[in-house]
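Look for subunit A in each of the two complexes below; its partner is subunit B in the first and subunit C in the second.
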Partner chain A sequence: MIGEIMAGDHYLPGIAIICVAIVILMTTFFREYDDLHRLILTGCSEVVALCIIAFLATDLAEALILPGLVVSLAELVALSEIYINKEGLGLVPAPDRTIEVFSSAPPIIAAILVIYGIVLSGFTGGAVAGVGLLFYYLCLDHKERFALLETVSGYAWVLWVFAFFIFMMLPAYWFFAVMMAGSAIFVKVTIKLALIGTMKPDQLLEETDHV
Partner chain B sequence: MSETLYLGLFILIIGVFAVAFPRNREYLTRLINTEIAAFGLLLVFLSLSETIALVTFVAVNGISTFIFVRIIERRQG
Partner chain C sequence: MFDLPIEGPALFSIPFGDIVDYASPYTLILFLFAALFTALAILSRPEQHADIIFGEDGVYTGRIPGPENRFQRFMAIACGLAAMGATVSGDIFNFCIFTSMVGLTCIGIVASSGNRHVLNAAFEYGIVTMIAMIPLFGGAAIVAATTGTLSIWELAGGAIAVPFVAKAFLVLGVMGEGMAPFYVAKAEITRAQGAPYILMIHVSSLLIFLRIIEIIITI
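Up next is the complex of A and B:
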């Protein structure tokens, strides 16, 4: 592997440079008292942390980076919601964004991305299809049912775990288990990404009106 | 190949420095400077041939920028 040779030669100098970056970031963390500045610094330190993992330079690095990215995104969404609630930030009135492309393009682009995502399948396919749905929800009005989406996502998770039981107990049926795990993680990642697309200001305004 | 790696690390250091000591201490400046560090990380991924991590990081980075801008616009609005 090219990556392994590279990592062997350049591992120590690379880690040393990254350590300098970490020291700079930590001193900034100590000097900073504004919460939002700290949140942005957290985003930057995530980049540096991923760089350390990337220096493993094997397939293990990729296997660690992919869940790390998804978890960091979920953590960022949660922290941003906590910050907004803590500070009691009001809603800004959304400016009138009536652009013709935003009403005609989403169905076509979303359909292309979702179909390509199904062809890719697995984690990457889920991400591609999810971006398509995210774009669709961002541009058009939607009346999605969160409970239904969450239920489907939960069953996909169960399927994924079940596929791993097949790997361990009935290894002869590995191909069936691969297909099951691939489609389940596809559905799960797609739904998670599509939910982010519903975070529109006017939609939030509607929700808070009901409450 | 190793030139790409060290260029990536150099850009990463520049980006971290720009995030730590921005010229004017504003949210958007820091957010945009974070993108410099992210670009350095992309070069590191590229030189270590971690394709899937690179592609996924591009997608996740775009979405997280969207989330950050959403908070910043509420904070200033």
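Up next is the complex of A and C:
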């Protein structure tokens, strides 16, 4: 049925293996009745879907996997949230974490990571600095203003997009655009990661209570 | 090159490399439908509703407090936007992404009700949409692997043969993603609060069905 193959030589064997995987997956879906297990199995089905794309083995496949992954992760998160609500599950309150390291280490480690992140800049730097802030917020108390952080993050994102317009419209100013995009994505990724650190279990518990 | 019997002539086209976004009379009508219902979802105010008392001459008025309805409205508008994208996309993979976005937002609309039975139905539907992603993305990937392009414009008219398997996979995938109305009927939330938003589920799934039929006939 499949005529001339544009993808690599190993495309057909790969597809054959994927077919076996799909058969196994469907069998498990027919045999499994526990909702949580079925939720996990859907995660496996996402991997299978991404594998089929990956067998293209070209640059295009890479560009297609990312949006596919994002959409499937979003669905998985939504389903997990539904499962939690449907079963009436809440978070178990975390035990008191009075460990000495958690009070002394965060400023030092966060400072090192943030400074190193600024040196790296760009997406990687943002991730590194974000991990530093995440650790800091997780361990110590925080009184930050979410609205302000979100606003800064939003403006950083706009700057990032604006930099791409400069790439397309005024290619002569590429260095300026690179600097702008690098710092903007740094700020954005840092704030997004840091926000995760501020979500402590007790706050999550409050959120789930009134649902 | 695009004057096909089902499509009609291309009204306009915007080329991005080999991907060409186009509008034919068919897709334009679908797009306008999606736009109309998105506007309805934006404008309607189901928080303030009136229930007629059956057999009598009276009316209950009610007001629903809340964040629940705001979330449903947001999801309905997002669902409309995704349906609009799916109807005008000139790229098979973009169509697949928009279709799965429709599926995702449909889960959101259904699940924003706090009722346990509705949540059960939403969970089952969500599992079906996730499994449907295998044939959906698999179909798109097989099209890319066998023809070397994802552009509907390039594939139109049968100049390049698209394997039957790929078309069947795409239809199967859209069937899984657009299956929401069955679960909505099962959940009996069409009568519940926020019913105008439930309408969006039906419209979007109808539109993506019509669009996939057009795609598999065109390519």
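To be clear about the criterion, the second predicted complex is superposed on the first by the 113 of 211 C-alpha atoms of A that agree within 3 Å, B and C clash if a C-alpha of one lies under 4 Å from a C-alpha of the other, contacts with A are read in each partner's own complex, and residues count from 1 in each chain.
Rule of thumb we're sticking to: a contact is a pair of C-beta atoms (placed from the backbone, for glycine too) under 8 Å apart; a residue touches a chain by one contact, two chains touch by 3 or more.
Just so we're clear, the structure is a prediction, and the values are computed from it rather than from any experiment.
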Discussion item. Touch test for A:11: subunit B only (first), subunit C only (second), both, or neither?
Written reply: second
Worksheet item: Between subunit B (first) and subunit C (second), which does A:50 come into contact with in this model arrangement: first, second, both, or neither?
Response: both
Practice prompt. Would you sort A:37 into first (subunit B), second (subunit C), both or neither based on which partner it touches?
Written response: first
Item to complete: Using the superposition on chain A described above, determine whether A:112 touches subunit B (first), subunit C (second), both, or neither.
Response: neither
Practice prompt. Answer with first, second, both or neither: which of subunit B and subunit C does A:71 touch in the superposed model?
Written response: second
Discussion item. Going by the contact rule stated at the top, is it subunit B or subunit C that touches a larger number of residues on subunit A?
Written reply: B
Worksheet item: Touch check for A:85: first (subunit B), second (subunit C), both, or neither?
Response: second
Practice prompt. Show which residues of subunit A both subunit B and subunit C reach, each in its own complex.
Written response: 2-3, 6-7, 18, 39, 48, 50, 55, 61, 72, 76, 83
Discussion item. Going by the contact rule set out above, which residues of subunit A touch subunit B in the complex?
Written reply: 2-3, 6-7, 9-10, 14, 17-18, 20-21, 24-25, 27-28, 36-37, 39-41, 43-44, 47-48, 50-51, 54-55, 57, 61-62, 65-66, 69-70, 72-73, 76-77, 80, 83-84, 87, 89-92, 123-124, 127, 131, 134, 193, 196, 199
Fill in: Complex contacts: residues of subunit B adjacent to subunit A
1-2, 5-6, 9, 12-13, 15-17, 19-21, 25, 27, 30-31, 34, 37-38, 40-41, 44-45, 47-50, 52-53, 55-57, 59-60, 63-64, 66-68, 70-75, 77
Discussion item. Taking the touch rule as given, give the residues of subunit C at its contact with subunit A in the complex, in rising order.
Written reply: 93, 97, 100-101, 103-104, 107-108, 111, 114, 116, 119-120, 122-123, 126-127, 129-131, 133-134, 136-138, 140-142, 144-148, 150, 161, 163-165
Discussion item. Looking at the complex, which residues from subunit A come into contact with subunit C?
Written reply: 1-7, 11, 15, 18, 22, 29, 35, 38-39, 42, 45-46, 48-50, 52-53, 55-56, 60-61, 64, 67-68, 71-72, 74-76, 78-79, 81-83, 85-86, 211
